[in-house]
Amino acid sequence: MTVLLDFEKPVGDLRTRLDEVERAYATEPTSDLERQRASLKADLAARTQAIYRSLTPWQTVQVARHPHRPQTLDYAIGMCTEFVEFHGDRAFGDDRAIIGGPARINGRAVMIVGQQRGRETRERLERNFGSPHPEGYRKAHRLFQMAAKFGLPVVTMMDTPGASPGLADEERGQGWALAANLATLATLPVPIVCVVVGEGNSGGALAIGVGDRFLMLEHAIFSVASPEAAASIVWKDSKHAPQAADALKLTAPDLLRLKLIDRIVPEPVGGAHGDPSGMITNLRTALSDELDQLVAVPAADLVAARYAKYRRIGAWFDQGGTPS
Amino acid sequence: MRNLFRRALPLVSGEAAQEAAPELWVRCGRCREMLYAREWEAAHRVCAKCGFHARLTVADRVALLLDGGSWQELDGSLRATDPLGFAPPGRQSYAEKLATESRDSGQNEAAAYGRGSVDGIPVALAVLDMGYFAGTLGAVVGEKVARAFELGVAERRAVIVVSASGGARQQEGVVALLQMAKLAAAAQALAAARVPFVSVLTDPTLGGVTASFATLGDCIIAEPGAVIGFAGPRIIEQTTGEKLPPGAQTAEFQLTHGMVDLVIARRDQKAAIARVIRLLMGGTALQASAAARDHLTAATNGATTMQPVPALQGFR
Amino acid sequence: MRNLFRRALPLVSGEAAQEAAPELWVRCGRCREMLYAREWEAAHRVCAKCGFHARLTVADRVALLLDGGSWQELDGSLRATDPLGFAPPGRQSYAEKLATESRDSGQNEAAAYGRGSVDGIPVALAVLDMGYFAGTLGAVVGEKVARAFELGVAERRAVIVVSASGGARQQEGVVALLQMAKLAAAAQALAAARVPFVSVLTDPTLGGVTASFATLGDCIIAEPGAVIGFAGPRIIEQTTGEKLPPGAQTAEFQLTHGMVDLVIARRDQKAAIARVIRLLMGGTALQASAAARDHLTAATNGATTMQPVPALQGFR
Amino acid sequence: MTVLLDFEKPVGDLRTRLDEVERAYATEPTSDLERQRASLKADLAARTQAIYRSLTPWQTVQVARHPHRPQTLDYAIGMCTEFVEFHGDRAFGDDRAIIGGPARINGRAVMIVGQQRGRETRERLERNFGSPHPEGYRKAHRLFQMAAKFGLPVVTMMDTPGASPGLADEERGQGWALAANLATLATLPVPIVCVVVGEGNSGGALAIGVGDRFLMLEHAIFSVASPEAAASIVWKDSKHAPQAADALKLTAPDLLRLKLIDRIVPEPVGGAHGDPSGMITNLRTALSDELDQLVAVPAADLVAARYAKYRRIGAWFDQGGTPS
């Protein structure tokens, strides 16, 4: 079953017509139908490319949240020749909104940690729609420390509407869990590559998103808050989410331009949801490339460079003196 | 965001009360008692009747915590830029909002930091200010607090940060978000240098401040009644439909849930902070050189006969 | 202590079932199904009908987990002493009890350890044995498991410990209690050497074993249905008057509560353990010398195309 | 109000008679009454000393559990010129069965951690009778790590019937919490002095009782299990606790003879409950002495010696070879 986003409607019509022509051609393979088919195919590709080249920020948000978009487990299983999912924070529970464990990418053992939103309703409920509880972040923390112990590079994949905001989460110290992860990642003595594979909002994304290299898939988003949350703060009305998406500069190209991320991983034409295995290949290639470079750097240098990288972030001017 | 907290909290801030009767009397933001302004100020804006801790300015905090005359503010001239060019149609642009906040508050940013001393112990102090842009964390606040941590490393000064914030400043987008990573890294640098960090949480401490440096203190002190959490009360109620029970997310709630070390009334904070720093820095001597040990012993000897602060266990 | 668990658990152990029909048939300890003994043994004493994992001997464990012919037991000749002179009036003395246990079980202590390999990966393996003195932790068990950890350090062998124990051996008093500290220290020595420790928890794992080395594994694997906890079910019910809900303290309960990494059926355990060790030792190469890296790469290359073990997520 | 233990009855009668003579002497100070008073006093002291010199193990258990015996907080406040109680495990709760925080003993900054049983009913309930929950052990863990960070020697005080054995404790990983503490204490790079001040049973005591020096107050007990628990294992009946107390060798003199503890701290005549401030002085003296010696040792040597100390514990013989 295909899910069509609003702005994909023109492509949807084309695809329907192409399907009809394909069926007709199967029954009666005329040269006219063959020409029509070729022309429709070319048209479809061109239109798709055109649409995805000029997505608005709000349209990008829709793509980043597409129900058929590959998720962390798809990448962990698709990219890796070995993967063992480890469970639990050893103190309270096993949060299924965060998954992780040791894995092997292109022959190299790594530690994978990422949010998992789930796909059908039941899985989405079990995984709290990818909004982790404190015990999820504490599981991640345990895995980060295990990676450091065994010298495993860390690969994190962000895909979350944000950390879970329930009263129970507050009771178990959501803010404390997030902060502990930021602190631990800041000085973890192994290479860390972070990728936003879908939606990466707020401290809930950042708590597994501090490292040496920060990547975004082409149509992923990364933001201080979800557009809806930002709209209800700035406009006092979450209906202004599209305007907020515009203003927040949450797309990969905008963030690369602002030098707030390091690299964009290209998506197949029409987005990752149209070609998951193509996307998995693209991500594996990008990660292998990044890891190849990082493993050559001594751990102390990595950590020092990581500090310098985050320390630099933020522009201000000094009214009384020299601008920074 | 500022209005958000005015609405979200059942308390009218002390400043608002003062406006109503500026000369002699103020009305308590919680119990509505009329209080004689001079006494109320002398009690650090704590209601004599119900104990309500009204919000303080940066200057008030400095007067409360530091030795008289020891405060030396640093980099007070840092000003925000507009990294995203945040100018959504139909709303105030970030640049305009900054101007409005400055005009309304008389401040120029939501944090100040500098050198000072507490009971003679040299410290770096940073204070966040709810009075400016709801104490939101943007690049300037991030830079000042980061420099406070680095000052702590460079001069081996214990670092005290007094938080009061609605969270990350939306108008700076990912730049604001990444201040959380920058500040956690800076706090880690202080930790690696084994210099104590005392974090003081005041009303309210929320969002990106809670989820980064404010909860990384070696000792976390909360002010009575302060609302402290990651998701604020309004966000929790909107997102989950849960109605929060009375007392949820207060300092006392966080103590019960194991998140803070101490809930301490204003009048006892300075003595408690001094004692904590003295004890934690006293241990460092063990690992340090003999010279450093002598130095530290000399610095701490003066107060070994102090009795336990009675309020330390008073908030269960 | 052995009888204690016989009574506390709703399951009759596999050995007991076998005694009832020693030649051809055994009766499942959970579902009471009659099973053909040869098939049941070939399935590592897992019931074909209900999946019940009956208890295994040390030899069974070795056959289940290690490569054929690779097992080399060490220090099998260690024997317990009677450090307290434990001989309470009217009860069997410790010395007599040791003799009884040896006669009944045909074993001479509640643990064995040695060298072996898993999928060609060299390991140190220790196995606790419920069949002798309820697998209780005394000086000899403590010594053997400590030597397994130290073997792991000395030869950079991953350490696997299969636990099955009623807890500390009362008859050795504080000597038994302090084995917990000794083993936690030995596990820490392995951790400091950055050599992986895979802990396998089987039915039952309780008391001083749970509260020391068994829960310190980098990866903790539990056998389906195994009762795992600190206080055993009988102690909880006696002390608190609480009646335990069905499934409390099982492997699956511990997975839900975040305490174990994996619940894995017997037939899949060897492959999973090999994979975990390969991955964790694969990382060490990064930090090690070039020579060590080449060595490790060579050791792990053979299996990079293995597919994920399907059972790994099967027990939610 | 005086609480008299069974075996203290003879002393109790003497004390009553002495009180009578004191009252009579106050009204009419005759030389006869003065002689009686002196004689009774001497008799009381001699009898008390005789009783406490030859306590049975089961009587020692009663003394160790005496409701008026000083507890961890009494020592923390009484021995230290400064003490700040820190709260919470930063993840779930603040367990009042374990208290701790930085303190100063004889001018030296240390970290104190200990179980606290409580005295009146309400306090005992709040403190779960000194049986800590997992979050209590995790608070202790946090304080141990803080001590290591700041180079503070650690002083722990054991006084617990054992770790709390409820289902909720199992759900939050009681065994895991205990094990983590044993592991952390084994390699903590600061001096650690442990003292059993009352009852120290099982893993629940040991989880704050691993260190460089292990002390017991003269009438404290230290055991693999409470006598009642051991009796229900060995006799299948907790009524045999007195016999179990005998068999377990849980008294300080027995354990010193077995070389399982390092030092006995003398109690005032008649036990710590008769003279708390005398007891506090004795403990401060012993701790200062131990700390003076340990702080002179480099951290790496301390940890190595600690490993060797625990590694040695346990006797066996090698049937096939040489006895150990």
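Letters A, B, C and D mark the chains as written, and numbering starts fresh at 1 in each.
Criterion: contacts are C-beta pairs under 8 Å (C-beta built on N, C-alpha and C of every residue); 3 or more make two chains touch, one makes a residue touch a chain.
As the structure is a computational prediction, the values presented were derived from the model and not from experiment.
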Farthest chain (mean CA position) relative to chain D: A
Centroid spacing, where centroids are CA-atom means, of chain A and chain D in whole angstrom: 54
Between chain A and chain B, centroid-to-centroid distance (C-alpha), Å: 34
Whole-Å separation of chain centres (CA-atom averages), chain A against chain C: 40
Chain C, residues touching no fewer than two other chains: 191, 215, 257-259
Residue numbers of chain A (touch at least two other chains): 90-92, 172-173, 176, 180
Pairwise touch network: line, ring, star, complete, or other: other
Residue ranges of chain D in contact with chain B within the complex: 77, 81-96, 101-104, 107-111, 135, 139, 146-147, 149-153, 190, 295, 299
Residue ranges of chain D touching chain A (in the complex, touch as defined): 90-92, 134, 138, 172-173, 176-177, 180
Contact set on chain B toward chain D in their complex: 191, 194, 196, 215, 218-219, 255-262, 272, 275-276, 278-288, 297, 300-301, 303-306, 308-309, 312-313, 316
Residues of chain B touching chain A in the complex: 1, 4, 75-81, 83-84, 86-91, 108, 138-140, 142-143, 146, 168, 170-182, 184-189, 191-192, 207-208, 210-216, 229-231, 235-236, 238-240, 242, 244-245, 248-249, 257-259
Sites on chain D touched by chain C in the complex: 163, 165-167, 169-176, 178-180, 182-183, 185-187, 202-203, 206-207, 210, 222-225, 229-230, 232-235, 240, 243-244, 246-250, 255, 258, 260, 306-307, 310-311, 313-321
